[in-house]
Amino acid sequence: MPGSIFGQSFKISTFGESHGGAVGVVIDGVTPGLPITVEEVQAELDRRKPGQSDITTPRQETDEVHFMSGVFEGKATGTPILMIIYNKDARPSAYNDIKDLFRPGHADFTFDAKFGIRDYRGSGRASGRETAGRVAAGAVAKKMLQKHDINITAYVKAAGGIECKTINFDEIENNIVRAADPEAAKKIVERILEVKEQKNSIGGVVECRVTGVPAGWGDPVFDKLDADLAKGMMSLGAVKGFEVGSGFKCAEMTGIEHNDWMNEDGFETNNAGGILGGISNGNEIVFRLAVKPTSSIEAPQDTVNKDGKAVKCITEGRHDPIICPRIVPVVEAMTAIVLADHMKRQAALHA
Amino acid sequence: MPGSIFGQSFKISTFGESHGGAVGVVIDGVTPGLPITVEEVQAELDRRKPGQSDITTPRQETDEVHFMSGVFEGKATGTPILMIIYNKDARPSAYNDIKDLFRPGHADFTFDAKFGIRDYRGSGRASGRETAGRVAAGAVAKKMLQKHDINITAYVKAAGGIECKTINFDEIENNIVRAADPEAAKKIVERILEVKEQKNSIGGVVECRVTGVPAGWGDPVFDKLDADLAKGMMSLGAVKGFEVGSGFKCAEMTGIEHNDWMNEDGFETNNAGGILGGISNGNEIVFRLAVKPTSSIEAPQDTVNKDGKAVKCITEGRHDPIICPRIVPVVEAMTAIVLADHMKRQAALHA
Amino acid sequence: MPGSIFGQSFKISTFGESHGGAVGVVIDGVTPGLPITVEEVQAELDRRKPGQSDITTPRQETDEVHFMSGVFEGKATGTPILMIIYNKDARPSAYNDIKDLFRPGHADFTFDAKFGIRDYRGSGRASGRETAGRVAAGAVAKKMLQKHDINITAYVKAAGGIECKTINFDEIENNIVRAADPEAAKKIVERILEVKEQKNSIGGVVECRVTGVPAGWGDPVFDKLDADLAKGMMSLGAVKGFEVGSGFKCAEMTGIEHNDWMNEDGFETNNAGGILGGISNGNEIVFRLAVKPTSSIEAPQDTVNKDGKAVKCITEGRHDPIICPRIVPVVEAMTAIVLADHMKRQAALHA
Amino acid sequence: MPGSIFGQSFKISTFGESHGGAVGVVIDGVTPGLPITVEEVQAELDRRKPGQSDITTPRQETDEVHFMSGVFEGKATGTPILMIIYNKDARPSAYNDIKDLFRPGHADFTFDAKFGIRDYRGSGRASGRETAGRVAAGAVAKKMLQKHDINITAYVKAAGGIECKTINFDEIENNIVRAADPEAAKKIVERILEVKEQKNSIGGVVECRVTGVPAGWGDPVFDKLDADLAKGMMSLGAVKGFEVGSGFKCAEMTGIEHNDWMNEDGFETNNAGGILGGISNGNEIVFRLAVKPTSSIEAPQDTVNKDGKAVKCITEGRHDPIICPRIVPVVEAMTAIVLADHMKRQAALHA
């Protein structure tokens, strides 16, 4: 059944495989009159695109976005916007030797089990390249959220066992790993180059912080704001966990420690992570996600082929030794998409 | 906007406040011909109901369920099933002194911010009592999943800093905390009674394991099986985190460690937690959630009232010092609901 | 798959069979703070209930509605409202002789084909009694629409070949057939009593007019206002046709005749029926529906039983010789439900 | 709110304006493994494209379709299929003189009222050109329905007051008006050329017949098969009415006349039009729609401009004097889309 449409009042419908004709998105429900330029969307896509540094895949894609509908004289008309990114550096033939085997950590086996057919070229629809459409839609969502002066910032909190000691937003784009602490960033880069050398990869933790969300967004009991954020984040490939505010630490806390007391200036603490009872409380929204190590590694691995026979798998090709830096703009995009939807939902509730 | 409907091919629509007339659910999309009895649903509700032990609220509710439609001569007809549970031990007047203040950790403040009106009696719609409808629907979903011989088991993995050393399914219902390790259970109960004495509360971790799910369920890119499970779990009050398989531990692992290799017998490890690329891989599905300490504690706390003035809050009443034991059947129910939906979705895909 | 939920921003989830425990609705997305009383809902239900006159079924149902959630101190809280109507005058045993045959014009055959199981008592879910939930939800929707001063009036335009010559809203509730012209009403009643005597039944046309809808509601290209109204009306049992404005007459008109010209006071004509390009244009909305003759008639008919053998069918029991008068409040209710949804959708678009 | 997505288990998301970059569709939920070629889709688009004859607009568009995703080695993979049709013969400047006025019969006024902004070039999103995406999706839906040997045939039943006396499927594509009776076709073409000469236009009735649908499709109470077909048809621009089976004629019939009796060979008549209680009964499905005369006519008309001042409107440009012939393939496409959705829904119900 269809799984490539997301949202209720603001809907995105993404499409595209890694080595097909194009990837992209149809965005439905954009506020009419919203000024939106190709450059604004391109700027977000550039943060996600491959080939940015030594720790990202060398695949060469300019990821140039084209608007095909829904924007007229620089403004959204309120009708669906098709944003399309043609695949340029597709090398389908490079995948011939993996088409009949199941690469460990990849969705090869499960796509076959589900669909009975699979576009094996560069993981097809299961490729991280799918997220380009999300990032394009997220750029539009971010613009829509400006009426509330909402700021969304994601960054690498930890990777390869090295954690940021400080959180400095200004440092994030100053290092290739997008860590919020320059000291940690340095160590993480070293660690990444080390595992890359070993034909290996590493995982990490990405944190996202959002300011400016007014109290009142989120729809209990199922469409709670944190439930929808969790779904949005867990729908990203490679994400194995999601937590908001205190997160898993809450399991070791007592009620007295965990409850955020209020005084005349607002909340004294933020264990809630800005979401209480599934509804934004006006505080900074803070959540984290666990990102697994890149599945594609050049080290030889055991697996089986379509006939169930044991084979060796060596994933040559062009891969990122760590997913975290490039997932950062995707996390921001999905956050914006969820928030834009709930902004509209809250307006509908009171209409 | 509506937030009390969940699912696509199997939909549940829950209703009810803690101290209103009733709580319950309308279930739409039940497989016609499915045998279903009041007793089967009641058995699940009994596991969730209050007053089960010293570590649950003494509120007296038999939580007796009534079928009002959609079941004929013991079988589901495929039309909506209304399951209703009338509130019996409602004491609305007990909540008069909290109606104008915002209890720390509760959704009082955010419900006011969102709706501008709030049924303050026992937290109204934000009460855990809301989950009775989910449990009733989950009982039906479990029955539907029997055709695949699917077993869903949730239990307390850790609480108050004490972790299960062993996982023994047979022990779960043998201890009042629903821990999978009798030794840990004993220590956890002691810890609970201790914090209860201190007018405090504690959090914990609940784990859920599912066997029998065939490979192929889950709909990328947004409605991945783990994304929908995450949404289902994060939509439960008090849950602050969700992780599948390796979860947050993946952040410190390398690709070689994390990738689940395959051999002729299947997967050698299960860091994926049974879900690869958002699709079930036939392995056991394993996920965990972080449950915060009960917000309602009798210790005096600082907060403000509706006018923004500082006041003391003492939450007298009938509360659980820990949420974990009673959330266990709810976790199973939501898991069953998500899986039943995806069972049907996969059938639709290939029709 | 679930088919008993309707709407996007304002959702209703109905349940119930003719001779089961209850019929009713869960309404999700009601504007919080909306004042709503049992009496207001009851008044609408009383217009639909059986036993009102000589030309309606003598089944005795008070159709007393109960609010079970979502209303607090006389106001909607914004959480789901369960409205339940217990079945009182259920006589399931009266249907024993039809349980194995397919009554002509009824959904007996198709329910069996679809579900493989059927609650045959009084048509079960296929009974017109199902619409009680719609009427209850419509009463709430009507209240929500009051902020725009919207008035919805349906009436019988024609029946048994007799057409209203005049349209006088004040006359509608003055005659038992709910025709808008007292002269026509008289003749229609005579005709109804005549066919009733002949153990037969007749059909008719119901027209609905809505004033006060601002220009701008409706969401092209699929969720056009007339498309959603058409769906709402065609989802009513016995409705075989829907037309808006000029309707089927447009097929014989030319563009010069059909186009509604505008001048400085607005539209000069209303062939559009108040909806242009799927969007309300501020004019009166006018549409009609064709209602087939009641399927249940006492005259003997040919049919087959479950084994495919030819049998005679005589539908004794308590039936309306014409559906039109009692469908009038249902048409108004569905209209209100569609409009309330689009009122909220339009707010979401611009949020 | 988003209105450009249609369907539940088979979803289409269309985009595009008449004179923007492209029109098309993302199709989500296609049965994996389905063989589908560009040629098959192109064949359907060719039936809809402009410039086919003297009675269609001379706009030159080859309407060449491109698959950008979701098809691999000639088969659908089950992931979203983007089908894009680039606009070639766009002449945006031709519309400068209508950008500030509201053309009678067009959605200019309502688009402005709804969105506050409008792509006025060739009616923008309100153009019939939007339906190219529907036709492309319909071609895929038709292929999916082949497993049930379903045949969908639409044709012009009447136009300009001239009605087909016979229904001969073989004749439909033999005349430029797509009437099912060659005699009527001849007269209709004469009538069209006459009104074209008069700078006028005419309307008509399109009928659609579907064989091969098994009994059991359609989801009461809201998503009845005829309700969804009605929505699909009424969502087409220019359609003012929908009726199934007996349609509006039922209003003058009695129950004895209308009820379709059954014998050992099945139904004796088909007043139901193949749908009983909202569920297909295995009979031929028959429905009709009323198509208004083309709004764009060259005769001078009265209207107002954006400032509310009276102006004359002369719609020069390239227009069809009748919409019916080109709507025929669109009706078939929407029918296929609705049926494919319900085919999958029925499978999900029983899974």
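First chain written, first letter: the chains are A, B, C and D, and each begins at residue 1.
Please note the rule applied: a residue touches a chain if its C-beta (ideal position, glycine included) is under 8 Å from a C-beta of that chain, and two chains touch if they have at least 3 such contacts.
Quick caveat, the model's predicted, so the values are computed rather than measured.
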Chains touching both subunit C and subunit D: A, B
Type of subunit A:subunit C copy interface by residue overlap (half), same or different: same
Contact-richer chain pair (by C-beta pairs counted) among A-D and B-D: A-D
Subunit A and subunit D, separation of their C-alpha mean positions in angstrom: 38
Chain centre separation (subunit B, subunit D; CA means) in Å: 46
Of all residues in subunit A, the ones touching two or more other chains: 1-5, 8-9, 14, 29, 32, 78-79, 114-116, 125, 220, 344-346, 348-350
Complex contact set, residues of subunit D against subunit C: 1-6, 8-9, 14, 102, 104-107, 109-111, 113-116, 125-126, 130, 158-161, 195, 200-205, 214-224, 226-235, 237, 240-264, 268, 271-273, 276-282, 290-297, 299, 301-304, 308-310, 344-346, 348-350
Subunit A - residues contacting subunit C, complex: 8-9, 29, 31-32, 78-79, 220, 343-351
Complex contact set, residues of subunit B against subunit C: 1-5, 7, 9-11, 13-17, 20-24, 26, 28-29, 32-33, 66-70, 72, 75-82, 84, 114-119, 124-125, 344, 348
